[in-house]
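Please find the structures below.
Two complexes are shown next, each including chain A; its partner changes from chain B in the first to chain C in the second.
So, the complex of A and B:
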């Protein structure tokens, strides 16, 4: 998965949107020590989170991690067992869904089957008691925005999956909400459509300036679209950061393993020198890692290196730092890149190399002995 | 290329198609169309003493003449004698009132069962179906014991001080309403439950999310989506109630003139089979109209939903 992530255009221009770094900014959505229990099951555990205006925020995690429950609590479809939720400075914890300034796009789309596309979009506007003319105008605006004007008289069952998704999005945007919640917005689409729609969603969000909070289990989706990602597990947030930071500097083993693939070497700190640590690993080889947090000598740590950060080593030395020698066990050819599985003294190490040469002329083959290395700045130290 | 007729699998296929389509039609022909034609034939005959108690449709006279006798007097009588017209109108009225009452009582019950926690649904449905385990006749008789002047209901109301003198309910049209609504309620609840339990609850969440309060969401989403169940339940109640005989006979009084009771009297009391058959044919005609309407409505809903 890692090579997919690195080749993804995650560098969408987000420079003006990093409001979360402004210490004076007040959060648009504030989740304050929220817990939600269903009987014995703790879906969300003492969770706090700030989301800022204009963000495209993703809640990422596997199924059952509590991300959907959190989103439903923001929509008002579930009420927290404890804790408070503020939207735009107002405590909405006990406000019913129909009085909240948010709209949600449901995973199943939940289009009303007895209404046409236009009627579906108009539904929320009717509740607002807008005039007939204004409603028609707003419906036209939405149909145009999502380029579905020709579908206006169709019923949901006459639409394809991609069309339904657009109608659901149009319906949730029709009331011009300041905050849009999206539950697996692309989950029901096939792969190609999903990729196109990802960019469209981002463009839409930037054009409208609405704060988006999406729930997804698809890390690729989260990486492509988000300004920030919260990785969740067992009802708690493991890390909140930009896609780049989540990928390059995971804060714990769970996040490192959840996003992309990663090689892990266990060991302990033997030398701390400025911003660099020297770590003695179980493999017997010393590893040097750049680290900004001082760690006491002897601290057990894990050195984590992404497969694409590895490269072939041309000057292998027996006492070399950040160098390993192993045997090629498996090769997975993916076209643009190949994944090599090496066996290094009983441990499996994964390495990704870009296929700059045609496959027939590749240097590495099965059972070949190979030396690899990486730079101290490409590895991360994990303590938990 | 051999002709497809020569191909044994194709021939087998055609045979199976004939059997598949033919068998249901044969069944309908023998057990529905034929009896209907016999009733139609009796309705245009004249009553007579003997076996069968009506004149035959055709006869070979000794002179070799085939005599076909079609007597439309029965239908004329049904049209001319106001007692039959009143009975028909009253039957339709009773059926209409009872259908509406069943809908008003049955819809909330069906809705409650459909939205109850999963483990409660089957027991609640069982409670709806449970009365069927006792004979229909016995259950209607039980209502006599409840409704009669010194019956359970009056005793209860007197004891509670709600009334001073016993209510006269038994042998009135009210008693018929009570009996019919009681007996036919399950036929309203079951199709409604089947419909409402399939309703996607996220649609109501979506309605709430779009600013719709629960009551409005019910009117704008739940109600239109359960229309098919409402129509099915209403037909299941309305059609049999129009021809209902047992309940008006046991619980009703002289004022409750219903077609089913009249039919019974003509058939067994007056032994006027042709008139009874004519009544049955007219009744059938009256019921076909709402049935066709329902089918048309269903087709339209299939097209739209």
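So, the complex of A and C:
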């Protein structure tokens, strides 16, 4: 572990990790048309997904969307009803959990209460029938990696939540798996600890070069940590892409609404000109949106604009494109930003502005009439 | 407002008295010098000395302890297997029937268990030639049938409380199912196994009805001896013997308590 000891800065730039864009790359994990049924309930429905080596991949969705079931199928704790799962080119669909080259960190951490921290970490190594010396070495390495050496003789119930999380991580990493599955890895931590741990987890993953697949319902967590995110709903994948693309270019209304908040204006295409669409909305205002996929005239679409893409409009015109005028109904002051809820011709529009001035100096107030606008490149067109 | 405590305290005292004064009385009278059990005439340990020479009573006690130990051990094995099937194997076919039939002996009158067992053993002896007569084996088998139900209930509760992801985590770390059971499940349900064992031991030790049905000549258990001697007038020796049993049981309860003090909850308290 010489890399660990060197003081080389850790590369946080993930650009050279975009293996999923390389058409020649073979996926490390391949999920092929997998379905899982529990009686009448379809937990996962005909789902296919490729995950590549070195990725920090997140399955994101609300509870009951099938993300945990998918993760458990990768661990071998559930078996698919139909479909195949390949890890590193090997069909593991019917391989029991104890024979898979995969380790998992459980949401409850599942630390063995009758063993000390060191014994917990050593458990997997014992199953591998490693010699005593090698086991001790590996335990020390893990304790040091997660900076928990002073906890080695403690029992799980003598640890805080954050310490338990580290021990669970150490235990799942002890066998040097090539693929680590994490079920809500930060779910049980309080907010502050969670934020610190996010970065630490990413650093660890990049340093060790292990492929991580995590399950989370926390969109912020998925955004910060992942190379790619799969947004899931009702046992299916709605969109797989980088955090940026998921946020900026959601492929459907579900994803747009699930991640962050977004304003939606329904309308239809009236003009398609190069990479720009002109859309006539129900509000009666034309909107111009950059779009790379040509759409037939008359196609019903939704124009979606994130609240922070809105800005105050200084030259409002009655026929202005991407301009709206409304009345401030609600203001939520969050410190760094404020969220303004406007009523625009019966529709509610949300706008986020950075608080560049102290609150007392702000110009916008309740019941004030205000004009807003956004640029054509800041909006997206959704057809589903 | 200051709550008055004496009404509650006196209720508590009454409750304790109701439960323990008879036993206390028994212990006191075991040191009574008089031959008449209910008349106090002075302190003496002569009944204990006499007890040591009462061959019949000692043999019965030894037989009862042996039966109780065999019964408890086998009941723990069977009860644990049954509890595992109920808790860990989902909704298998016939699960409801299994659950019902397993716990039925808990509510079945002893007389019926005893009588049916006797009929079975007689029929088996005619048909199979085994068991050859009635005695240790038949009493032990009869006790195991109902003790298993008690153990199953105790172990099942503990198993159900245990986080199933612990077993999954062990498997994920490479442990095969047998290793998972021996290294993770068993140590974690051990307190339940111990209390199940003690429960089965006690149930067997004080059973009179069932044992009376299925015992044979020469295999008289302690409760049977006590019961028949009481009918002929209580000898203070019985008091002495009962006191010794209470002492042993108290010791067992203390041991069980100390063992469970080393469980997770106690460690949290110590911290």
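Assume the second predicted complex is superposed on the first by the 372 of 384 C-alpha atoms of A that agree within 3 Å, B and C clash if a C-alpha of one lies under 4 Å from a C-alpha of the other, contacts with A are read in each partner's own complex, and residues count from 1 in each chain.
In the analysis below, contacts are C-beta pairs under 8 Å (C-beta built on N, C-alpha and C of every residue); 3 or more make two chains touch, one makes a residue touch a chain.
Model, not experiment: these values are computed from the prediction.
Look at chain A after the overlay: chain B and chain C clash there.
In the superposition on chain A, contact of A:110 is made with both chain B and chain C. When both complexes are overlaid on chain A, the residue A:77 reaches chain B and chain C alike. Touch criterion met: A:96 reaches chain B and chain C at once. Judged by the touch definition given at the top, the superposed model places A:157 against both chain B and chain C.
With both structures placed on the common chain, the touch criterion links A:292 to neither chain B nor chain C. Look at A:128: by the touch rule set out above, it reaches both chain B and chain C.
The intersection of chain A residues touching chain B with those touching chain C, taken from the two complexes, comprises 75-77, 96-99, 102-104, 106, 108, 110, 112-114, 123-124, 127-128, 155, 157, 171-172, 175. Looking at the complex, you find that chain A touches chain B at residues 75-77, 96-99, 102-104, 106, 108, 110-114, 123-124, 127-128, 155, 157, 171-172, 175. Against chain A, in their complex, chain C makes its touches with residues 163, 165-166, 168-176, 179, 183-184, 187-188, 264, 267-268, 271.
Contact residues of chain A toward chain C in the complex are 75-77, 96-99, 102-104, 106-108, 110, 112-114, 123-124, 127-128, 155, 157-158, 171-172, 175.
Listing the residues of chain B that touch chain A in their complex gives 200, 202-203, 205-213, 216, 220-221, 224-225, 304-305.
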